[in-house]
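Both complexes below contain chain A, partnered by chain B and then by chain C.
Showing the complex of A and B:
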């Protein structure tokens, strides 16, 4: 009786959720279908016409994908994006975890003020930093190099990642740290043996966050790395497709899917941690 | 000597709050000492100063005759059990218990052996492969105790270790801790706000209030002879009864007057009390040291029953005497009704008197 009523009560909620999901999925499906069609088909009819006989595979082609990956250099860009994102993501999570632990549990003069400063840095627009930083990069020969952009992304990401990890780590019970220090564990051992293993959900969410942000970044890459094809990430190559080849957007649809594929895989495989980690610290367990 | 703890004039302040004020304490080797007091009395801070988790502002801490004031916790030869258990959620019971020994870089085989021994002592040797989330509260508590004991500390510190357990389990673990202490004989300092725990476990109890020890005695002494009104009121369920009384003397005798009632005092008091003639004092008596008589005449303190509560093994009466309300413990089968007038007889030897201003016990040699 009551279970029926609770099922009925949830129907409006489910209707709204499904409506939103469809609203999101429809253009994505359109993009996906279009990316597999020939240019003449694309300009001849709408993508929904394939729905009449969706399993007739003669109407599909992978030429668009071959085109962007080989001829337009998206393959190389994909590799560049990985070379930028993966090290930069791990570097910033690593540094942020150390910083968050120190801010939360180690006592040193000016701890509070320094932490406030780090949090306050979240509001600085990154555009403001280009002019002071670029001359330094040029002097150190970091412009246009991968280490250069790793450092840039790490620095821009640190305020938020440090703050997120701090809110998780500072909520760990104090007794655990006291107990470990009575057992003779140094702060470094406490960090690696206790803090890192119990912070896995928070660390995972920070890794996803950073990865998505860096993967999708265009501005920082353009400024610190430049647009030369051998270093350009996926975002830059896709942007070039838009400007140079506004007319053949069958290539654009394929490029869009290539660039979105990896973030989707990362997100869906780690989404459980993502939701848990974002909520971390907001509720007392 | 090995497990002796001595605190010499330690002081600890947090901002403007003086948590511990120039405290002196000597804990004998193999003693079970309980620090007892209401929350905020400085008992946990005192314990953390012994552990080295707090730096003292002033004073010295000696463990086993060694000045450890400047040493970090790990170098003090102590182990500690926390209220929240403080077990590591990502390690199995075996890894949890062995953590401290691994930090000391002991050989693997030795760690395994030591962990097994202590697990058997605490009857958790079946649980070594489990994770803390798979354990009950009582089992987690045992792991926490095992983590401490495996280090073979000179001194074992416990901070309210039973307060997260439910009532029945607390009763069990209390007896268990007492057994453990008898078996291993490690000097133990135990912090609690539960006076029953303190009375049942302690060789001696240090009752603390506002950063100071107000009484340090055996459980029976603390219970029967509280050093002041605070201790009498804090220890015992129900707490000690307090009444205003006036010292009166005539040519022949000295006695205490409660309203119109004249209470006899022990003979040894009389000479001393005579010097306090006409002064008001606070009279303290425990609920079980008051006898109830259905008739009100003949040398009994007249009282009116307000409430009668049967508690199984005894009956607790709340009675009105003049302006004061007293708790009286009687046999469970005594039949009294609310509103009934009764006569009370106070057991003469169990009376305590206290100074009205300071609340300190007035004792006569």
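Showing the complex of A and C:
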């Protein structure tokens, strides 16, 4: 039934959409292509010239990646990023889940006010926290250490993660808690045997959110780990590379791609949970 | 649920202690600190009470006025374009069969770091002297069209700031699109069809039906964008570090802290950031807490 007329009428629609897609795709494509070119190629011609003969594999090299991973310390930083983000992600999700469970289902004085306080602290920009904490961190020898940054990330994520988990956990059916209580299960048992298993979708969203946030963070790392290069995460090492080797595009492009690799894998394999988390935080179901 | 008297505190205790130490205590202390001078330890021997000196600096020094102006520019441009593009994409993509793939493409930047995105765009903006082959996409286009290469990140006052804001828009548009798309798909199709049957053009359907129904979502997303952009730091830190008139509040705060060790000024700047964010967050928070404790 499609007439030529309606096909023609839809051309502007497609043009606009393709224009957006190109605008979002080309910068990243440029980065990817450049990261596989030799320095002399990079400065000799624009990366798009490769598109004339993209399958001529002799023009590509993985030397840039070897360079950043071994000589620029990005391999070590990648490991640091993992050592920072994985424990911090789980720690924050569990501290938040514990609190969310209590706020949703237990009776205690000040429950409502404390919950409001926790959520309201979302307004506090991280900048408000650094100056008083840093001297304490130095004195406790927590700056430049993994536990120090785990705790900081956990704290900074708590208002939002507690809120997200609370809105999920408080909507669980009341019966499951009542019958478990009657059976004599302790709150801790109920938490681990009922709340955690049924909250897996919400926990997955929160974990992915937190993981991406912590992995991609630069500011918190700068403040608490900035003075200690051997614990620096990828974002910090890459940012330093921009400062020190700003014109070495072969290094910068490869480094940027290394720093983005894991988030991209997480994003594409778990996009569903990521989207769910975003929606839970922004529109009322 | 029945619990012992102390049990609830075991569950909320860790969160409350962490929050008290990392968020509540510092917030109070930073406000206090903003009335004291340079130096690091608040009660150290060299730190003096300076009254409103830091506040005078924050609201009168050319550096800070520039940062405040730039943040205002960021707020307007960034919020307008992320929300507009987000709505546009949500509505347009609903009409094509390849919706999913385009959505993924636009959404991807949400997964990577500001640092990574900054490098991606720094390369797009790369500048080389006239005559040399241009390796940045933007200057290559300019030269191909017969123009002279432009130092995009140096050209003040507006071009370089706009170039930085573009990076932010590129990162956050996908986020907006995803939320608007979900809201748009929640609008009953019958409502849109009814308007079309009554003879409304597509534009009229959008203006009179879609947009009002998306209104509350637009308000929430726009507010979220404003809060995000007020805190903008990474993009500026990595791409220009505030040089050539691109300074923003958060980057200035970092400089006062780590380059000049003036914790007093840095505190005052942080408090400004808090005060700017609070009014925008309050509307979102009200909605958050309404959903809060219902039982």
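In the analysis below, the second predicted complex is superposed on the first by the 251 of 285 C-alpha atoms of A that agree within 3 Å, B and C clash if a C-alpha of one lies under 4 Å from a C-alpha of the other, contacts with A are read in each partner's own complex, and residues count from 1 in each chain.
In this text, a contact is a pair of C-beta atoms (placed from the backbone, for glycine too) under 8 Å apart; a residue touches a chain by one contact, two chains touch by 3 or more.
All of these numbers come straight from a predicted model, not from anything done at the bench.
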Three-chain arrangement built on chain A, chain B and chain C clash or fit: fit
Touched partner set for A:96, first chain B, second chain C, both or neither: second
First, second, both or neither for A:194, with chain B first and chain C second: first
Vertex chain A angle, Cα centres of chain C and chain B, expressed to the nearest 10 degrees: 100
Contacts of A:178 with chain B and chain C, given as first, second, both or neither: both
Touched partner set for A:132, first chain B, second chain C, both or neither: second
Chain A: partner with more touched residues, chain B or chain C: C
Contacts of A:56 with chain B and chain C, given as first, second, both or neither: neither
Where chain B and chain C come nearest after superposition, their Cα distance in Å: 7
Shared chain A contacts, counted only where both chain B and chain C touch the same residue: 178, 181
Chain C partner contacts - residues on chain A that touch it in the complex: 10, 13-14, 16-17, 20-21, 23-28, 30-31, 34, 42-48, 95-96, 98-99, 101-108, 111-112, 114-116, 118-135, 151-152, 154-156, 158-159, 162-163, 166-167, 170, 174, 177-178, 181, 187, 190-191, 212, 215-219, 222, 226, 235, 238-239, 242-243, 249, 252-253, 255-257, 259-260, 263-264, 266-268, 271, 274-275, 278-279, 282-284
For the chain C and chain A complex, residues of the former touching the latter: 1-3, 7-9, 11-12, 14-16, 18-19, 21-27, 29-30, 33, 40-42, 85, 88-89, 92-93, 95-96, 102, 104-116, 118-124, 126, 133-137, 140, 170, 173-175, 178-179, 182-183, 217, 220-221, 224, 230-231, 233-234, 237-238, 241, 250, 253-254, 257-258, 263, 266-267, 269-271, 273-274, 277-278, 281-282, 285, 287-289, 291-295
Contact set on chain B toward chain A in their complex: 51, 53, 72-74, 78-80, 82-86, 88-90, 99-100, 103-104, 147, 151
Touching residues on chain A, where the partner in the complex is chain B: 173, 175-176, 178-185, 189, 193-194, 197-198
